[in-house]
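In the two assemblies presented below, chain A is common to both, partnered first by chain B and then by chain C.
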Partner chain A sequence: MTVPGPGRRRGVGLLPYALVSPVVLFIIGLALVPAVFTVVQSFYRVDALDPPTRFDGFGNFVRLAHDKAVVGSIGNTALYVLVGTVLSTVLGIAAAVVLHKPFRGRSVVIAVLILPWALPGVVEGILWTGIYDPNAGLVNGVLSSLHLGGSGVLLGENRLVTIALIELVQVWQIMPLSALLVLAALQLIPDELYEAAEIDGCGAWSAFLHITLPLARPGIAVAMVQALIMTLNVFDQPYVLNGAASTGASITEQTYFISFQDLDFGQGYALSLSVTIATLLISLIVVKFVYRRVDL
Partner chain B sequence: MRRRAGRWRWVGVGLILLWSLVPIYWALKSSFQTEADARATPVRYVPTNPTLQNFRTLLAGDSDVSDQIRRSAVNIVVECTLATVVTVVLATLAAFAFARMRFRGSRILFYSVLATMAFPAYTTLIPLYRIMSSFELVNTYTGIVLVYVSGFLPLATWVLHNYFAGLPASIEEAGRVDGATRLQVLWYLVLPLARPGIISTALITFLFAWAQFLFPLVLSSDLSTQPLTVVIASLQGRHVVPFTLLNAAGVLAIVVPAFIALAFNRYIVNGLLAGSTK
Partner chain C sequence: MSRTSRRASISMRAKTLLAGLAGLTLLVAGCGGGGTSGGSTKTQGVTITVALSSEPPPQSVLAEFTKQTGIKVNWVNIDWDSLQTKISAAATAKTYFADATNVDWSRVGQLSRLGWFYPMDTYLDTKALAPDMPQLASFTINGRVIGIPYDASFMVTTINKELFRKAGADVSPKTMDEYTAALRQIKAKGVVKYPLNIPFAAAEGLSTYWYETTHAFGGTILDQAGKPQFAAPNSPGYKAAAWMVDALKSGLVPPGNINVADTQGQQTLMAKGQVASTFSDYSGMIGTIYNVPASSSVVGKVAYIRTPGVGGVAANLSNPDGIGIPKQAKYPNAAAKFISWFTDAKQQTDFSGVNGPEKAFPSYPIPSHLSAVRTLTTKGGLVGGAALGEMLRTSKPVFEGGAPSWYPKFSNAVYTNLHAAATGSTSVSAAVNAIADTANKLAAGS
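And now, the complex of A and B:
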């Protein structure tokens, strides 16, 4: 906080504007203007193969609703979101509980924990292609060593299995951040609470249910929102692991195909807008139901 | 009771380490095998006859694939470095003003910068492509870096704002009393104190840039600007590149981010927490 003093009148008043203007110009030009573009152009027919650009009301949305691939990708994405948010939150809480109390080597474990977060999703797709490979893969190698099932687990055969396997790769990437966020919330819980609970004869599991979970809610809410945003927009992992196959195509993949392969930008805008609105709504709902201000 | 809890913790620690490291180990193992060894049944869990042939092919070979890997490795380093430098410099200036100066409209400007973080990144994919293409910036470093910077600025500004806001005001006041200008205060007094925050921001921005895929997939059309991530995905999509070579390429693409994550994890953890809480 600076006190507004005579300095302001001496012309220092322009300095803050000079300092913030590059960032503000970037945001206006390359975030806000494009966002407005997306909203407005959703209601226009913008098709490189069908010019000119013209107003089309809800035409794009109607065509999207009748497109089997789009409807299928909405179902797929719902599954990605469900599997990904649940798994990354549960695993994130579990990892945070393991790392809650200090022990020798904890910082090394945290460094290894965040490693998958730091790697590009595309390359993680390549890494896991090796794990899932029908012949040379780790999963099917272990399965056949144990004489469990001949052909093993395959990508692309069954929709649910495919989506679960692909989403596991994304969970590998986003769980570390969930764990860190929950861990940060756990660090704020005073030890005395656990000591008091132990004196009262409260077991570890019951302390987890009645102390850890409720007091970690702010961290859990933020972790869930980040997982939701990431999974609703999943692209890299299904693109690499499953290509253009419709078995597991996500909405973002479908947006990419519609816009940059079919060159129907209008429908692409409409689909992006729908995903954005869905993301904001679902995030708000999670914050409303999971987030609680915790006063300690 | 306490000893039992300790044993469970080590089980948990073991599971965390396995979960993070097994997929990386598997790619490393495959990258040191010949194609025949990697495809042998039953599956070989360790490279019994390790070979550097895959890495030699990628780094020193004269095939099409080696050219693509080498050029795209240069591209990704150039794009990530430029995007990081521009993002950190601009975000530092703005965050300092937002955290330390009072001026009309500061609140609304600050919140509009932050509000764009709520949009999913891909909301603006198509309009950004069309803007870049109307300025003929598709398939240029400039176009890609501009898009990266616009995407990373809100988080960088937020993290740095929190660092600056947490520094004691007395330091600046002392500098002002001694007759230093605002910019001298920023340069000589505030920046050295905010160094951990600036390093965190730079590392996280660099990692974000390194991980980009869909934006460069759309914004770069050939090898003159395609980063490693785009080239690796296209090699995988062609199904003719050997499995072990693909894994070696994957290993090359994770060396830099893995090193950053392991060597500077404290900065990254602090930066991530400063950015996503409060």
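And now, the complex of A and C:
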């Protein structure tokens, strides 16, 4: 057996660092530097129409807090997060449980299930614009043929209905990933546990509650966090389906309007920073309450 | 050290160096691509990038331009919203994006204040162009021309003559009262359930509809200082907002239109004969949508009418697309040559297809030159050409003196508040007051 000399060990020791350096530099250049830049600039007045850039303390945050459109969008986004995270997690768990058991054509079902996740949000928005079209859409066509719903279901008319309908489109997009994440966790649960439970007289529902759910918690936590991030940053679906209407505008939409329509980048930075902090905090809460280390 | 271990050590060092260099290259590449403000004056043997939200003209036509000038054109088609974002992002970062790109009439004030585009009057004789190109006024601010209009879009009233006639309604109403009476008659006779199309979705199309309606009621939106002219209940702007919302509440407009954008309304309502009229439609829609059998069931039935006003017909407001040269252009002089060629009257006539389909620019609605419109009308190449030519001649910019620099924020307030009034979540009065408050704050610079 050949024992490598000290020089050879040093060489090997440097190579891995050198190999990962492109990725590290990439992350520093494309994530870390912009993040630090955003934090710093959010305390400056950076308005293309009101130069020069100058220190403004918490000015951007104060103006955002007094902006009715921004405040309204915070409420809307909270509803998107609530509806989207709950629905995508519940449906994701249900889909994962169904897919966990082998059946004929299972791989085809998984492939079909993942399709909405692979589609860009804008494409989905355009697709559902046709489905929700108040004059010629599928939903109102069905309601009308069944003599239900009076003037039909109208996006933009009522805040709750609008947000629920828009979020349904996003859930359609993010649920497949939730399902796959939970499915991966389910596949780690040994069959012996279910067999032992069955011998002890445990029914399917009881096994789901006392074996599946607790042991799938790591996967469920990750699924909830990804749903949370997606819903907190929802943009494509409300923008395409409901425009800038106050009944459905999200925080990310407001960030876009403030930054690229009003060219007030300082407020844009401040709003982006606020959303990032909110995402981090809520994600931590979810992980704390849902995630449990599981040793199988 | 043996030769083998030495070779291995050198090889390891080489790999390490290579990996480090690769990382450095990536970083340099990522940080590269800085600004090129100033550009080259070269106009021969260069390739310019033209970014517009449109399919390119035929390759043979672009090749002919290259043959004439020695300038190659790289045409980039980007949707309008993304294009505006790219223009802002590139200009803010002072990076090259295109040599010639879209200048929207609504951003002229903003672009002028920001100095993001070269004044076109330094490249072209815009004073000589003005008499034949009435919409040049929409791109002129503080005496400088920011862009050259390449299509003559303006707001215009369209009616489905067949539906109007079926109801025995006047097919050429001259006033708002006559027009409203005709719509009510169509509804009363049951010819269609909802005769009027107003796109109430919270988007730019709702703002422009209100501007045109305000103009028809005999007023303007803002004065030269940017002060709102619509806050008083007896003002034309207030009456226009009330008329639009009342049309929805009284059943002249389909209830679903609270979430219908302008293009959706044209394609699913007017083109399918579900409504009888769009008060503030866009010029060129008959040729590009309503008379296209593949997408329309009202071919030959829709006509442009002179826009009804208070005491007679009203002028039409301009809504044109322009093209200009960003300050970071690599070849501004070459871009100016392209713009001169692209907006030339003869070229526009060719684009319209009357001189052969091989020269036609498929998504081209109406020339911005009056002389080109006249040529088209004479040759029968423009549906409603005579009427459109007259409307184009008398068309006016939405904002005399150019759109204010804060227009995008103002427009956002317009369409979100009018949409809210349409949904019933606020009153017309509250909506108009909120829009006026926004305008006052923006005009005061706060």
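The rule is simple: the second predicted complex is superposed on the first by the 277 of 296 C-alpha atoms of A that agree within 3 Å, B and C clash if a C-alpha of one lies under 4 Å from a C-alpha of the other, contacts with A are read in each partner's own complex, and residues count from 1 in each chain.
The definition used in the following text is that contacts are C-beta pairs under 8 Å (C-beta built on N, C-alpha and C of every residue); 3 or more make two chains touch, one makes a residue touch a chain.
These numbers come from a predicted model, not from an experiment.
S.K.: Consider chain A as the common anchor and indicate whether chain B and chain C clash or fit when overlaid.
M.R.: clash
S.K.: Determine, under the contact definition given at the top, whether A:69 touches first (chain B), second (chain C), both, or neither.
M.R.: Once the two structures are laid over each other on A, A:69 reaches chain C alone.
S.K.: Just to be sure I read the superposition right, which of the two partners does A:112 touch: chain B = first, chain C = second, or both, or neither?
M.R.: A:112: touches chain B, not chain C.
S.K.: For A:160 in the superposed arrangement: first (chain B), second (chain C), both or neither?
M.R.: neither
S.K.: Quick one: chain B or chain C, who's touching more of chain A?
M.R.: Touching more residues of chain A than the other partner does is B.
S.K.: For A:30, decide between first (touching chain B), second (touching chain C), both and neither.
M.R.: In the superposition, A:30 contacts both chain B and chain C.
S.K.: Please indicate which partner A:133 is in contact with in the superposed arrangement: first for chain B, second for chain C, both, or neither.
M.R.: It touches chain B and chain C both.
S.K.: Under the stated touch criterion, which partner chain does A:285 make contact with: chain B (first), chain C (second), both, or neither?
M.R.: Neither partner.
S.K.: So, A:19: does it touch chain B (first), chain C (second), both, or neither?
M.R.: both
S.K.: Examine A:123 and indicate which partner it touches, taking first as chain B and second as chain C; both and neither are also allowed.
M.R.: In the superposition, A:123 touches chain B alone.
S.K.: In the overlay, answer first, second, both or neither for which of chain B and chain C A:49 touches.
M.R.: second
S.K.: Which chain A residues come up in both lists, the one for chain B and the one for chain C?
M.R.: 12, 15, 19, 22, 24, 26, 29-30, 129, 133, 135-136, 140, 243, 260, 265
S.K.: In the complex, go through chain A and note every residue touching chain C.
M.R.: Spelled out, the residues of chain A in touch with chain C are 5, 7-8, 11-12, 14-15, 18-19, 21-22, 24-26, 29-30, 48-50, 69, 129, 132-136, 140, 151-152, 154-158, 241-247, 257, 260-263, 265.
S.K.: If we count contacts the way the header does, which residues on chain A are in touch with chain B in the complex?
M.R.: For chain A paired with chain B, touching residues are 1-2, 4, 12-13, 15-17, 19-20, 22-24, 26-27, 29-35, 37-38, 41, 94-95, 97-99, 101, 103, 105, 107, 109-131, 133, 135-138, 140-142, 144-145, 172, 176-177, 180-181, 184, 204, 218-219, 222, 226, 229, 232-233, 235-236, 239-240, 243, 252, 255-256, 259-260, 265, 268-269, 272-273, 275-276, 279-280, 283.
S.K.: Would you pull the chain C residues touching chain A in the complex into a rising list?
M.R.: Going through chain C, the ones touching chain A are 1, 5, 8-9, 12-13, 15-20, 22-24, 26-27, 30-31, 84-85, 88-89, 92, 110, 113-114, 201-203, 254-261, 264, 268-269, 272, 274, 405-406, 408-409, 412, 415-416, 419-420, 423-425, 445.
S.K.: Note which residues of chain B are touching chain A in the complex, please.
M.R.: 5, 9, 12-13, 16-17, 19-24, 26-27, 30, 38-43, 45, 90-91, 93-94, 96-98, 100-103, 106, 109, 112-113, 116, 118-131, 146-147, 149-151, 153-154, 157, 169, 172, 182-183, 207, 210-214, 217-218, 229-230, 232-233, 236-237, 243, 246-247, 249-250, 253-254, 257-258, 260-262, 265-266, 268-269, 272-273, 276-277
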